[in-house]
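See structure below.
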Amino acid sequence: MNLVTTEILKTNEVKPGYFLHDYNAPLMAKTSEPGQFIHVRVAAGPHPILRRPFSICSAKEDRLQILFRVVGEGTHLLSKVMPGEKIDIMGPIGTPFKIEHKPAVLIAGGIGCAPLYFLALRMKEANIPVRFYYGARSVSDLPLHEEINAIAGELNITTEDGSLGKKGLITDVLPDRLTQDFAVYACGPETMLHALKKILDAQGISAQFSLENRMACGVGACMGCVTRTISGFKRVCVDGPVFSSDDVVI
Amino acid sequence: MNLVTTEILKTNEVKPGYFLHDYNAPLMAKTSEPGQFIHVRVAAGPHPILRRPFSICSAKEDRLQILFRVVGEGTHLLSKVMPGEKIDIMGPIGTPFKIEHKPAVLIAGGIGCAPLYFLALRMKEANIPVRFYYGARSVSDLPLHEEINAIAGELNITTEDGSLGKKGLITDVLPDRLTQDFAVYACGPETMLHALKKILDAQGISAQFSLENRMACGVGACMGCVTRTISGFKRVCVDGPVFSSDDVVI
Amino acid sequence: MTDLSVKLGRLTLKNPVTVASGAYGYGAEYLTLYAPSLLGAVFLKGITPKPRAGNQPPRIVETPAGMLNAIGLQNVGIEGLLKDKLPALQGIEGCFIANIAGESIDEFVQIAEALENAPNLSGIEVNVSCPNVRKGGMAFGVSAKATEAITRAVRKSTSLPIIVKLTPNVTDIREIARAAEAGGADAVSLINTLLGMAIDIEKRRPLLGNITGGLSGPAIRPVAVNMVWSVSRAIKIPVIGMGGVRTWEDAIEFFLAGASAISIGTAVFQDPLSPLKILDGIQKYLEKNSIDSIKHLSEYLKKD
Amino acid sequence: MTDLSVKLGRLTLKNPVTVASGAYGYGAEYLTLYAPSLLGAVFLKGITPKPRAGNQPPRIVETPAGMLNAIGLQNVGIEGLLKDKLPALQGIEGCFIANIAGESIDEFVQIAEALENAPNLSGIEVNVSCPNVRKGGMAFGVSAKATEAITRAVRKSTSLPIIVKLTPNVTDIREIARAAEAGGADAVSLINTLLGMAIDIEKRRPLLGNITGGLSGPAIRPVAVNMVWSVSRAIKIPVIGMGGVRTWEDAIEFFLAGASAISIGTAVFQDPLSPLKILDGIQKYLEKNSIDSIKHLSEYLKKD
């Protein structure tokens, strides 16, 4: 893990309210793995006092990229930072996805596409076939779907309003049987993971889930970000964010 | 007094750290008088919670202008607001300078030039001869000296480092006798007003001083901004900011 | 139609949004901006028997998401209130509530009696919680016994509804709230400011003329919400919640915590229109969630 | 050369900048960033006799210029500390101080005794001020009697320097500080967090699994400065000041208020390097003002 004040190379509002940021962070970029995140300082002053965690969405050479949606004060402030300005980031943090060498099913809900996009990039490099399932409220909430389409062998989209892909939830369109022949990776809102876990449990298979939680330190020191697992509370920041679906209690 | 969320028409960093802002505020501009101020909201969020008072530096047709120096968090935030963005301002507030119809001596220290520039503009319109005394630390702290030079009959400058005008303090170069033939108006740091008051008291004449103080409400409600006067505590925001030098205790 | 009216003992407010004592002067300072009748109530600046000059300046310091004040109850005195300030409100509709502060029980009684027939006054807030005066103030408010005695004495000397304003600078605020209830208060209001201090590191002196001051604003909101929550579970009379309310979301937090009405102090300085915006936000929240009366909000968490 | 060392009873720190319990884990979490030996001291996460699972999540909420936490003392227990955590610090220089929390005097004694010969430990902080546990914690810290009894018992059972950590949730913190002094503490540390609460207005439920939590961060700094100022005037043993220290200017404020050392909690989350930046700022301030020892800072305001 590394802590640097570095330059923002590029900002891009890919869809209204969705931003891609490129940071110059050679050391971090080199050591980042899909599923890990960076912890970003959003204010110089006393408010807001906490950093914000964002999944690494790609890391290549000197560049580290995140994708975020403006939801509150912190992401609003972040969206105002301009290329050339400085930013204080810490990372890479956390237990990444374990890449299994069999065909992959990636299931993303909303902004959960960020770490899975990074994962798909790495899988393409490793020649692992990827079937990508990507659900969101509406076409305007599918920030990376074209990029994902370009790298995934198969991309299935659902939107709640039917504005792109099938109308409905992503859990409605999953292959009938997610067998052990596939490795399943998922990131998305709790409701999606909850529904997905039911499906997986029923079929007796497990997946890798990337979880979110409110964080303070982001380095395992404060015990603030714990989530319930079958073996007790675990820290999302360092014990996760990637957990086995068998472990998590949601 | 008026409260509006309006547009910033122009921002201009006239000297490093000194900004001129032009706001679109027809009603305020029409009713503003030299010595009055506007109370400016500097943050949308909970910090910093207090508005910041700034003297009106000119008011013409629909435009109201302030000049400010970046000294802390609030003025820093303000300096980042761009033309076209919105700003929440309240004013005009306070007891203005009483314009006497005799030759005027205007004495400004540092950023205290702002209200006196506005006063000089009005005096020019009223054909009142103005002798302007303007002191600052250095030439880079004399943001309006060219504009003032263009309108004042006479401009005397001092800088502490001698980088423009006479080297020294403005109170060193005042006319030997400030008689009752002149009306004296002053605005500047407490040390300057303190020295000036000594000079005035010694000569038995009085002037109009524009004071500063930390403010919360800015409308006379909180009693937070009081200054000592010979008749007790008075509110700088509405009883002032302009006081008779005879009244103030500094 | 959403019902926004609230009952605070014998006092009924048309809506639950009020402005706190000390933030709104004597009720006339913001007249050019909007009519005070739009608000549930206006709490006037604290008043003492004689006019008070207040503390030495500086009296305010900004702090992270808050401010310290040490006004020291500068006010025109009961006579000034009756002769100048209340008459200035003549003809102006609104629910005006006096905030009174004495250095002894007798003084509280004296002010309450003098206010008995004051025009344009709907109630009395008994301030036993000012942290910025040497005598009386918070010294009463940290004692359950003194709080009960003062409440009872004021209760006897006025027919107006009375609200007792509590200090947060205590180990257990519920005790003090119970004392106010026992003394006959129609309602309690909380919190007054937290005792605080700031130091000028260049001059190496306290920043406030009074050395210490009272901390208010968004910074203290979590403390206030907690106290409102615990007090509203400890007593039966209604609670007026305050401390850092700045947005309508903050206000809803206080209602859910158990407050019947809320008060806005420091946030009025940032945005004098915030009380109206907050009122609007509350109304929309209730409508959106199909809650037909503000009174129901406090029940959600009570059920827990 | 500016002298930055400070004496806290029998404990000497190389400099007055420490990190607060709960913010720095068990001392190893920030090792990749810098050596803990650069700090005056590292206060380890609060420890109980048995491991504790801690409170139900969510455990943290951000608030204006601050945060609420309700960790509930999740920790590895005294055995875990001795078997895993302290050994992990073997070979790492630094002044490590354990923070201990019991549900009874016996438990405090039990932990203190177990720590007696622990390697790599320079002192014990006695936490009688945790607001997030049902038994013990703050319940002790609001009582002068219990504070004195616990301090005395721990004093007897260890030869290590002991520091008693005080809660701000009391009417008069000086009483509790005097009790700690009477019980034989080498120093007191303050403030722990202010009791607070936040509510989710959409779900209409408390945001914290534990309902209430402890407020920390810049928001509470004025409260902390005031308490440090009044405690340091009430007792003779040194005070470690904390509560919202984020910049070196904040730190200087605490020294001027009377603190001998300062501790940084929440600000470590915003900037893990802040302790080093603060240390640097303090050094420069002293040099600029020709103050040759940090010890002199507390005298400026004492003279008043």
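The first chain written gets the first letter, and so on, giving A, B, C and D; residue counts start at 1 in each chain.
We adopt the following convention: a residue touches a chain if its C-beta (ideal position, glycine included) is under 8 Å from a C-beta of that chain, and two chains touch if they have at least 3 such contacts.
Keep in mind it's a predicted model, so treat the numbers as computed, not measured.
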Most remote chain, CA-based centroid, reference being chain D: B
- line: Separation of the C-alpha centres, chain A versus chain D, in whole Å, is 36
Intercentroid distance (Cα basis), chain B paired with chain A, Å: 53
Query: In whole angstrom, what separates the CA-based centres of chain A and chain C?
result: 46
Statement: Each of the following residues of chain C touches two or more other chains, namely 61, 64-66, 217-219, 244
Field: Contacts with two or more other chains, residues of chain A listed in rising order
entry: 45-47
- request: Pick one for the touching-chains graph, please: line, ring, star, complete, other.
  value: complete
Message: Quick check: in the complex, which residue numbers of chain A touch chain B?
response: 45-47, 73
Touching residues (chain side chain D, partner chain A) in the complex: 22-25, 29-30, 32-33, 45, 53-54, 57-62, 64-67, 69, 71, 74, 217-219, 244, 246, 266-273
Residue ranges of chain C touching chain A (in the complex, touch as defined): 64-65
Chain B - residues contacting chain C, complex: 1-3, 41, 46-51, 88, 90, 213-228, 232-233
- request: Within their complex, state which residues of chain C touch chain D.
  value: 61, 63-66, 68, 142, 169-171, 194-199, 201, 204-206, 212-213, 215, 217-223, 225-226, 229, 244, 249, 252-253, 256-257, 285, 300-301, 304
